[in-house]
Amino acid sequence: MAMTGLDIYKLTPKTNCKECGFPTCMAFSMKVAAGGVEISKCPHMSEEAMAKLSESTTPLMKAVSFGQGETEYKLGGETVLFRHEKTFVNRNRYAVLFSDEMPQEQIDAKLANMKNVHYVRIGEEMKVEIAALQYTGNKASYLALINKVKASGLKVAYMLVCEDLSVLKEALSLVGDEKPIVFGATKDNYQEMVGLAKDSKLLLGVKAAGLEELYELVENIQKLDYKELLLDTGIASVRDAFTNAVQIRRTALKEQDRTFGYPSVVFINELAKGDKFMEIALASLFTMKYGSILVLEDMDYARALPLYGLRQNIFTDPQKPMRVEPKFYPINNPGDNSPVLITVDFALTYFIVSGEVERSKVPTWLGNPDAGGYSVLTAWAAGKLSGSVIAKFIKESDIESKTKCRKLIIPGRVAVLKADIEDGLPGWEVIIGPDEAMHLPKFLRTMEGIN
Amino acid sequence: MERFLVIGERIHCISPVIRQAIADRNSAPILQRAKEQLDAGAVYLDLNIGPAERDGEEVMAWAVRLLQENFDNVPLCLDTANKKAIESGIKVYNRSKGKPIINSADAGPRLGLLEVAAANDAMAIALCAKEGIPTGVEERIMYCTEMLEKAMTLGIDPMDLLFDPLFLVIKGMQDKAQEVLETIRQITEMGLRSNAGLSNVSNGAPKHVRPIIDATYCAMAMQCGLTAAIVNPCDPRLMETIKTCDMIKGNMLYADSYLEL
Amino acid sequence: MAFKTSVQKYSGNVCNLELGTGEKKISLGGQNVIPFYSFDGDTGSGAKIGLEILDIYPDNWVDELKNLYGSAANNAAEWARLVEEKYSPDFICLRLVGADPNGLNKSVEECAALAIEVAKAVKLPLVIAGTQNHEKDLKLFEKVAEVLEGYNVLLLAAVEENYKTIAAAGVTAYKHKVAAESSVDINLAKQLNILINQLEVKSENIVMHVGSAAVGYGFEYVASTIDRIRLAALGQNDKTLQMPIITPVSFDTWNVKEGASTIEDTPEWGDQTERGIAMEISTAVGVIAAGSDAVILRHPRSAQTIRAFLGKLI
């Protein structure tokens, strides 16, 4: 955030000594803000003021990273509190919690779930990104747990949840090369923890009782010149954790205080207390508002489907339309007699249309030519959904080999394209579909002669 | 961002009707002008009682009560050079709808009004002038910073000051128009709020042209960052322009009927 | 330096609106902060939860729900009573899908008769949802408003094409509340409110339905629309956007693949009901966190979770 003349003025000695060549400190400050003169022209600026000024050019919220290679992820670096102002840049990541006191079957089950929940949705790979490994007192089992997760073949980053320095050192000897997150520093151990994290620039979790203590602790850690931090929102209560998540983000971005300019971690597993649906509710809340790493008890499709969908939506660029890949999608297992339906590649339109086609239960080939990611009418107006575009799309796809049916249904709103398409596609019958997607089920069922 | 602040100018002792009404303590004409302006979209009303050297304290208190009692504590701009009158007006002022605005302090003889503002937690219009007409952007900004510094030592929140670059009549001083706009731009860049006394900019121009000059000048000033103006809210062209600028600047959300609000 | 809580004060607030009558009437809105930001100010009435029932047997619903409601689902009044007694939501949403001209096309008289039966069977406030067919809804709401006079229900929803009749009949003549539907178009949301205000309908009688989508399905448009509406209402004190917001979450979440696909279709996804509930919960939390003052849900388990969730944040 650039500083205004007023902000800079507050840092001057306000003596109007004129040595800078300006009549007043205010006039000087204003010129500095406008970029017309260097701040160093005032010989009376305090060290602290200079530091503040140079800080003002660094981002309010630091972008940090963890993991290595395929499992490397970035967090933080956000610049706004609401996504309509500017894109949220680094999506939150989901972790699953393991601990040394868990029975082997439970660990195996979680690992199996993590393997199972791994899919691609609109070009994005969806999976658990982090294994959170919690130490509760049994070192041998803890190290065995780490080895087990490591041997599982899962591509995950690690978060070592362990405050015991000696255990942590041994754990790091196992996975230290993979740049795990170390969690975490407390007011009692932070010096040693920083010592441990600093060499390999490991992301260091910071944990305290309440925001005041957390703030103080971060200040102390920063004094040790360490700034690869991840702030814990605490587990005292849901209300506190949410307040803390909001306050941390707001203190950084609105109050422009970089002490809290770091991403946060929320131990949702602790807050939800074993209630899976509550875990989904809380994970949704912290995905919307300011959680950077969300630790869950487990990951299955009931959790993944809503959470990854929500995350994908919240972290899209508000300026850029979300698009689905232009191609033919088989809906309701279409065969070589199923009709062809055309819509656009704007994700919202595509999803609504595909949802309605699914609801109709009529086997259909749903195609979306490259229409620039616009809605039907916008694409048409921009010339991106024309008769020739559709004809070309049909020809270039292999749809003519997939179905013998030559019925092509187009959106009712672009009925004018019928003749153009038929000119370009001899042998096809263009049928005008309904104006609204919600009328598709009835339309398709009537057309196919089903009840 | 904040909506543009429209201050209605029509309760002014320069008008014979108002002057007479004040002299007679006749409320009807004053209330009528207040109602017209509020209906037309004014947020604050300017209350100019003139120099009122003799009975200023009594007049101001009477008029503040009169307007606030009749119009749900409408926020007011207390407009007089008489410091005592301003103090007596603030004494009876109800601030539930907004702080009183003192109109106006300057960098010269009226600098003391900033102290009144500080002592009473009031806002103030701060005219970027000392004696006579400032000669250019630099001089205006110098006065601006002088007043700002004074205000800050008095403990006034800079956001409680509306810096007025001193708008000048176009006809005769056309060459100054750009200076005024540039001053607003610089005031805005400093993170400060500004005000325009738009009433006189079109003086002397043909009657049908005046609203066009007023509205256009206001629009250009808003683009430079102007945050408030003392205007005639009963001028529909001007009010439509202000609303449209507010909408384009994102200070309010668009709806087809936005002009009707 | 010590930590100082960051506080944001707003000049505007959300209107307070009452729904229903008697001991179980509810309030929507009243807050002057973003949801759950109690450190900023007054969080108002808190979000309210409604359960959805239909005027016809819910053939398309998951079996688990049909079993849960059993034969009660054959009769809307009985169904409503069961919902009230067993699941005590804040309100019941009676959805008149049977009136849809593309479906059973039941007459408005038949629907109105059923609505009054439901109203008599329960003490909870009612939200009456129409068919989304503008012409049919116009007639439907006119009739339903008439027979339900005195129950102070919410008519969901009026759109640009039919708001005049629905607002006039619903609010002016029979003293109900009207929801203005704007399909993720913030300028239309504002415009509809202005138009309804211009019919001499006060803001305290209007609810906004600004559009809904399941998470994963363009939900960001819904979230940002609500964010922007709330910021305008609170920050810019925009009186034309200070009405409470209702979001019929279940109308979407059970239709998207994640909630609609059966275990036979997608065995790897596991139990369908569980997925449906999960989608419903996630979407509900999403709109509530953005600023929705009421949500309509389908599964009692979802309602129970959202209630517990809200309890943890107050």
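Letters are used for the chains, namely A, B and C, taken in the order the chains are written, and counting of residues starts over at 1 for each.
Operating definition for what follows: a contact is a pair of C-beta atoms (placed from the backbone, for glycine too) under 8 Å apart; a residue touches a chain by one contact, two chains touch by 3 or more.
Note that the structure is a prediction, hence the values are computed from the model and not measured.
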Checklist entry - Where the contacts of subunit B and subunit C overlap, which chains show up? => result A
Item to check | Pair of chains whose C-beta contact count is the highest in the structure | outcome: A-C
Checklist outcome for this item: Looking at Cα centroids only, farthest away from subunit A lies chain B
Checklist entry - From the C-alpha centre of subunit B to that of subunit C, how far is it in Å? => result 45
Checklist outcome for this item: Distance between the CA centroids of subunit A and subunit B (whole Å) is 47
Checklist outcome for this item: Cα centroid separation, subunit A vs subunit C, in Å, comes to 28
Checklist entry - Of all residues in subunit C, which are in touch with two or more distinct other chains? => result 228
Checklist entry - Considering subunit A alone, which of its residues make contact with at least two other chains? => result none
Checklist entry - Mind pulling up the subunit C residues that touch subunit B in the complex? => result 186-188, 190-191, 193-195, 198, 228, 232, 236, 238, 240-241
Item to check | Sites on subunit C touched by subunit A in the complex | outcome: 1-6, 8, 36-39, 102, 132, 213-221, 223-224, 227-228, 231, 255-258, 260-261, 268-271, 274-275, 277-279, 281-286, 289-290, 301-302, 305-306, 308-309, 312-314
Checklist outcome for this item: Residue positions on subunit B within touch of subunit C in the complex are 2-3, 251-258, 260-261
Checklist outcome for this item: Contacts from subunit A onto subunit B in the complex sit at residues 4-7, 9, 14, 16, 23-27, 30, 33-34
Checklist entry - Hey, which residues of subunit A end up touching subunit C in the complex? => result 82-84, 116, 121, 211-212, 214-216, 219, 237-239, 242-243, 246-247, 250-251, 254-255, 259, 271, 275, 277-278, 280-285, 288-289, 300-303, 305-310, 312-314, 316, 318, 322, 347-348, 351-352, 354-355, 358-359, 438-439, 442
